[in-house]
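Chain IDs A, B, C and D follow the sequence of writing; residue 1 opens each chain.
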């Protein structure tokens, strides 16, 4: 299953102090995030190694969504630094992170409703967004060439995701599952170095979940694409992710393969509801 | 009253000039903006859209009061008040009814297609144009006087100089104060008043507490319409009645709402006064105040004839600058209204 | 005949169904608790019961009447009251006004009820003039529960009442829930904090993947190790 | 689906052509040509608004302000030179004021950046505000003497006597620069805030043009504005107006073709994507705020060119002649009725609405005179004397009603946005 060619990454150069180990693709160092009095993330550090599918789990209120959104550039941390590919990307907005090769999907699929499925993919024109009205009007040749390559790539991605039959359908009218697949298609169009998957299983039936998981596995295996997955569905985490990072009360509790995590009494207790057992004579 | 003690020390002429030109003028225009803003902010908070036709509701109310005054010119004489003020309650009631009619026939159908909020704003532009068209159609465009007889002018002597305030201005200030107290009591004591504040705070929670939205929306429009009519009429009594009386009120009123925080009635009142006073201060000629200091000043610093922040014809700039400043630094206003 | 019985409920947010056959039974004066891993459909079950989303299959009967897909306003009159997890107070209104809004549908004098709420939640008494938005998380939750109690419901629905609270308030909220239940109000509570919730539950319902996985008394579920492990998946379904 | 769309467009335009032909017959060529020429200019303005509203979803309620500043720019460039002004020392004073504004502005911008070098934000804001006020006061002091001299002896600074076409372009640039400033302030805000901000700026621009007598002769108006084609006095109304109409027609065709190319190109696709979902657009690498600003500037450049053409056709630059109803809301209804997001729809909307707008005047007059006659005969009530002016107001009501009807029954407009499909 051939995946279309790769565009050169074009990340804005930021300072990278010498001596930083370049193994980890994403590195979060002593990051904290405070919303008013609530300390959602408390001096937390974690790494996402290159080529892995790293899972991030934890009970509600553990701070995993806040951590995920900070890595995805939704908002900046109160303190601490975030590194992508050896570059300090702390507080960098999402569209610049995209140019550094970071793509993301959303828990509730975000599609361009009045554009067709094909155009939803063709919006992704590669790392640097250089569309201009001047080119469209006066440099027809360049535009036609670019359009052709983007369109061919989009058609291939639609074929891989078995969405070709809805290529001219407005994205707004697609089913929930098709919208999720389309979003994954946008990620494939961007040829990123790392993909952040935000609760990909939310509101998706079993068969479609199987398709999504197999696409992720194929991209990881064939293209060495790194994934950072935040998820509630433990079975999907078990199938896809190694290692799995467990967050609780704003910091990383433990990290390791899912089989170990599942048996770790501390993790079970964190999920099952820690704090003093406030029993009652039944 | 000869000048003795403290009074003689103060530069009387300048102080009285300041009181007339800033304190009274600011209070007058501030009250008008407050009356206009309170109604609009309640509707904005509860129905989640800016009703740009609110300005023309004020003009409509003024014209209804004008018609009633022409019909019964002598009415005021019995009570010793200008007729326009006596017929005000009727004008307020009629305008409130018209407001509900507008909502039902124009806003509800558009709202049925559950559009983006901006579509309702465009609909309110449509209603604004219809109102402007009808008002000019029935009343023509010539300015008119709300007063049958002469306007009474009160002079309060203060050490040889007079503080000047006309009767409609006194009525305006009194009416605004009464309206604010009445609204406060309504919003804090009555069941519907509290339900309105609840709807403005959290519409979903209000619904599952069993609060009927239709009833609350109807009362909101009644308050918005009647206060608009009051504001329009009192302004027309102070200056004169023109069809585009209220189009240039729109910007200051919206500025007042955003300063106070959307959906916050108290914020709108304070916001109205802030915009009113800032406007009068910006066009006030400070050079006059500096004149008594002239002897003590070094002569190289020649005192320009007029030293105003903004020339009077640019008065409209002031609310716009306030609006933009608030939107950038404190978008939800001083009373923590919602950023819609 | 149980106070509330939800049988084989299928429901969702328009897209794929999240609930695929959930059944819940709660007797009068009982504390029922719904627990389970995230995305198991806990909150969706409460929202389906309270008419905040449409039930595509299955039936809901409350106090002997069929209330499937009834509107929230009518359920409020039937004696069912719901406390959402977030945005559950009127922030600019005072504590007392929040409680009064709870009794909006009542025509009789409810001042004695407000006194009763202050007995359940003493900290609210001296803060009754303060806008609810300025209170701490725990106190805000008390106001939200108080508002719901003003309707003297037969069954009180609580959606994760202790979410985001400090341990001190968590314990206090659980104690209050017991006191309210002992005064005769049925409770159906969705809880993240499974251990503490099951400890006070007469009946516990563990959900997974939108279906019932375990149903038993609170104590029995606590003693069964399989229940805790099921929170981390691994197909411990029977 | 595609076929019915073509048929619908064709039939609508045929219907419109029929109506215009009727008007030619009824009102005579000169009147009809004037109407068409003005409708043509407004079509360009509508295309400009469609770029902002249809492409990017930006609701601009201050079209009047952009038309006014563009008309001023075009008048400044194309009006003949005023020799008296250039001999007096006024240009020197104006230059001095310009220098003061430049230095003051630079200092203010610099101060607003110092928070990056460790200066706390609160002090930074205070200093910036003080610097801005100081610059404003100094500029005011430098301007008043200059304005005084100009007004006394040379009336106003006059123009540069350059060709009218250049005037229109410069007018468009003026509008674009104004759009850049407002966009920087308000684009981060919600759409109804942008509506309020643009509504405000339009009134401010009008107030400025009305009172800066040294610049625009204010209420004394500037006329005759030079035409790009021989004027009516030289070749008669019909020929002059048809020549003017042909120029606007050419402009419309050029702008339409360029915008159509943009619509289906990567640039157009990106804009539609941003309009649909800013969050997702940001996530696929589009700098949303910069692009929205770009759209706001391009859109208002086209509005400026169209506005300059409209006012030049009128021949008089009269600042108090700019009315929100005629310039902002009329154009808004053209785009909303025509079909936002569809350039052909905007052109059609412009022609149709302007026909309704102009025709409702004679129609209302006839209606009212009959009505008044009937009233007098049956009830003996004398009609009000200013009947004619009042009949005009009927148009304002009709336009308001049309907005509501369109929003209710054809929210997507008569020619809705075409979904770009690839066979």
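In this text, a contact is a pair of C-beta atoms (placed from the backbone, for glycine too) under 8 Å apart; a residue touches a chain by one contact, two chains touch by 3 or more.
Everything numeric here is computed off the predicted structure, so don't read it as measured data.
K.L.:
Find out how few touching-chain steps suffice to connect chain A with chain C.
P.N.:
1
K.L.:
Hop distance check: chain C to chain D, minimum number of steps through touching chains?
P.N.:
Step count on the best path from chain C to chain D: 2.
K.L.:
Using the stated contact rule, I'd like to know whether B-C or A-D comes out ahead in C-beta pair count.
P.N.:
Between the chain pairs B-C and A-D, A-D carries more contacts.
K.L.:
Could you work out how far the Cα centre of chain B sits from that of chain C, in whole Å?
P.N.:
Measuring from centre to centre gives 46 Å for this pair.
K.L.:
Could you please state the distance in Å, as a whole number, between where the Cα atoms of chain A are centred and where those of chain D are centred?
P.N.:
44
K.L.:
At what distance in angstrom does the C-alpha mean of chain D lie from that of chain B?
P.N.:
30
K.L.:
With chain centres taken as the means of their Cα atoms, state the distance from chain A to chain B in Å.
P.N.:
Computed value for the inter-centroid distance: 52 Å.
K.L.:
Looking at which chains touch which, would you call it a line, ring, star, complete or other?
P.N.:
ring
K.L.:
Pull out all the chain pairs that touch, please.
P.N.:
Chains touch in the following pairs: A-C, A-D, B-C, B-D.
K.L.:
For a test of understanding, state which residues of chain A touch chain D in their complex under the given definition.
P.N.:
72, 93-95, 98-99, 103-104, 106, 110-116, 118-120, 122-125, 127-129, 131-133, 135-137, 140, 143, 146-147, 150-151, 167-168, 170, 186, 190
K.L.:
For chain C, which residues count as touching chain B in their complex?
P.N.:
Listed in rising order, the residues are 50, 72-73, 76-77, 82, 84, 87-93, 97, 100-102, 104-105, 133, 147, 151.
K.L.:
Where on chain C is chain A touching in the complex?
P.N.:
Those residues of chain C that touch chain A are 12-16, 18, 35, 37-39, 160, 163-164, 167, 170-171, 174, 178, 191-197, 199-200, 217-219, 227-229, 231-235.
K.L.:
Of all residues in chain A, which touch chain C in the complex?
P.N.:
38, 59-61, 175-177, 199, 201-205, 232-235, 237-238, 261-262, 267-269, 271-280, 282
K.L.:
Please give the residue numbers of chain B that touch chain C in the complex, ascending.
P.N.:
188, 191, 194-195, 197-198, 201-202, 204-212, 264, 335-336
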